[in-house]
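Next come two complexes built around chain A: one with chain B, the other with chain C.
On to the complex of A and B.
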């Protein structure tokens, strides 16, 4: 019979376990393969630059003020997009999730429009909000609206009816119901929706920046491409991936304590 | 009463949408909304016919569909065997499953300039991005599908003294197919979204550049009509794969 692996805490006098060793081996193999490919020149030499060139570019990137200015621009645009798009989605999600009738009327539109490529709306966003940061924020807001709204609507429907009846028995107003009952009860789906929404808003903003912008990390990526500065482009992509994963992990931690308590039954 | 319950929400949804379009039409006509940036919905409807007739939509659609299909085949061809590999080797799975999940959340499409350098402004760049974007859900769902096979089915196979390959072919794989297809559906949708997105970004290929070309001509009704067309195609594609998935999933 198959047995389930048990995850145990690190013992005193830590020694790497098999999983860590396999991970280290995979990373080492990829790096060695990359370096061999770079030295051999089998691929176009500049497309696969040697690791030391990427490391130098990474250090240079992290030490440049220009990078932080562009990072700030992208983060600011993403944050505004998340607040605007996520805020609207929260409202729509609560309304649709709170009414079975309205949910059945309008949720299919969200469900089917959600998985469409949002970047194609960029020409419209430029017309509406100009070529500056406004159109990037709008792209991010549009991108994150759908996953957040659907997640909130699903979370709203999963609230135990007894909590809603308790709120009603206290004659709570709509605003009190939202802040004291709905939002605390669906904290996990809301945070998960925003986690998903953050990633999608970031993609929307960065892609819009690659298309038409003079600031932001997306602009830097496309600038490096136009200069054919491959080490700098790799360094930038590594930083963007690391940042998005860090932000994702950070938002995930918001739901973690409750999950652990739930799992301790 | 039952018919009312069934059709009233759909009627409200459709009615609300039509009402919204009528309101926009009126607001543009009376000048509350600038007609230069928001064309009349009626003009967009007329432009939809013009775009389909004059802009070579069919060959464009076939090109995008071909790129999406190629990316989808690669996603299935790489993703399913990778998922099986991770299922077979538990240590490898424990070492890499979180990486695959993290990869799914990363802004993969942003590496398109890298593929532009490698493949140039060609369909290969578009297919490569579509493939990479579609892989993580297929790998994760394949793994989930095989891990979720009920132990009783495996014990039945063992009681018949099936070999490893027979166990895989007659029990594990058929039992995992519905979950694998759920992953494949997600993978195909991700691939299609990225194919159209990258087509738009690099201005090459089928439906994506159509929007670029019309907006550069400042043909606003045409641009809106082309966007509506692409959205419609995406929704139809989504509906089609969803239907196939339902057909494959056994009735519960």
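On to the complex of A and C.
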């Protein structure tokens, strides 16, 4: 594979640079502080359990079938939310970004509603979509709609007008303009929008699960909290954190433009 | 002043050859509404171009050349008058007209061959066939060997040739170009002019070239339309009776110099009006 683009690290004889060392040091410092705090007993050990207790809980968690069932429930809800909310946002973003008039008429509402905490709509979602996964998906879809739509609208406006004129001069249909000009031209803002959207959909889904549900990671967190099983709760939080990082990294891989991904086709 | 202009407009076009007009611009007016009132960019212009003819439209900056380009290409519609290609009225981008733009217009996410195949892809031509046809036109513009490269890996002149190949692959009856070499240096421009002459000969391609470069216009054209500065009107047609086939070597000939001088004589007055206008506007903005 040709390496015209991004440095991917881990070359033979690779040595960690200063940034990597500092990052590792931060993690180590947090763990040490945590452990000291736990051992000192300044806070109750039940509230701040020692690392070994969390490690045991983590192993037990990852070994239980119950965890995986809940994990899949949350991931499934988030995926549906992202497809529905992100799909609608893609459409709305292209329409608003493509028309100066519609953009000016509607976009202010997106900006107002964007930062509004979507959890206030949860009771409505329960009434519309029931107490099951439907209302969680709706919460996730609603949450991720706004950042994706705004990001796509901004991306549409950043497309060089000349490329649009070229497409028109070759008599591309509206659908062809979308698939062959708009989307490839704004690949980066769209992927970034979806990356942001994924995180926010996940927040929407888990938050809804903590409120009213009988499955999902958010439900597990609250269940452990109610049982006052702090090590298990922290283990869950670590797992959710790791999942978010993994998903984020996966989506970023898509942002590398095709011409720079290297290798012949 | 208006009487004089009308007179110029009524001058008969030189009629060389008997082929029927393939492009016909008939008494076209384009007015734009602006906050400062209506602006007439193109004022009662007419132009007939015959099959296989190379016509350049030359004029000072701001004379409405680009508006005329967009009108013929169907990206703008005329306020008055009519434009037709091969007998059909132009009401939007037309399959018989291929446009090459002044700006950088290649798709950066597509390789050279995918760029050139774009118009065929839009028409629904299958992948194998469209890539094969694209390669033919890539070879024609002299870019064989660069099929799999991406625009960022090419020079400006090469990218403009990709844009030209992409339009040629559309197989238009009329090749309509808006200062395609404006961003290139003089030497590259002369050499690409040779390429254009060669391709035009090979395909018996009808071409309308919008330009502000006198050398380029004389080097390439059978006929040159000189536009006035604001509102854009036809000042005069000049027929270029230089022998064909031509190459850029003709640039040194006496006849060539004579044509350049003749056209500059006409353009000078218009260009000074334009320059004066722009200085006044800049002055006004400064206050």
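To be clear about the criterion, the second predicted complex is superposed on the first by the 231 of 265 C-alpha atoms of A that agree within 3 Å, B and C clash if a C-alpha of one lies under 4 Å from a C-alpha of the other, contacts with A are read in each partner's own complex, and residues count from 1 in each chain.
Throughout what follows, a residue touches a chain if its C-beta (ideal position, glycine included) is under 8 Å from a C-beta of that chain, and two chains touch if they have at least 3 such contacts.
The structure displayed is predicted, hence computed values, not measured ones.
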item	value
Touched partner set for A:47, first chain B, second chain C, both or neither	first
First, second, both or neither for A:163, with chain B first and chain C second	second
Chain A residues touched - chain C or chain B, whichever exceeds	B
Chain B versus chain C as contact partner of A:207, first or second or both or neither	first
Touching partner for A:172 - first (chain B), second (chain C), both, neither	second
Which of chain B and chain C A:227 touches, first, second, both or neither	neither
Partner chain in contact with A:115 - chain B first, chain C second, else both or neither	first
Contact set on chain B toward chain A in their complex	8-10, 12-13, 16-17, 37, 90-92, 94-96, 102, 105-107, 109-114, 116-118, 151, 189, 192-194, 196-197, 200-201, 208, 211-212, 215, 220, 223-224, 227, 230-231, 234-235, 238-239
List of chain A residues in touch with chain B within their complex	1-2, 5, 18-19, 22-23, 26, 43-44, 46-47, 101-106, 108-109, 112-113, 115-117, 119-124, 127-128, 199, 202-203, 206-207, 210-211, 218, 221-222, 224-225, 228, 230, 233-234, 237, 240-241, 244-245, 248
Interfacial residue positions of chain C with respect to chain A in the complex	73-75, 93, 95, 98-99, 101, 103-105, 107-111, 118-119, 121-122, 148, 150, 152, 170
Complex interface listing, chain A residues touching chain C	160, 162-163, 165-173, 176, 180-181, 184-185, 187, 257-259, 264-265
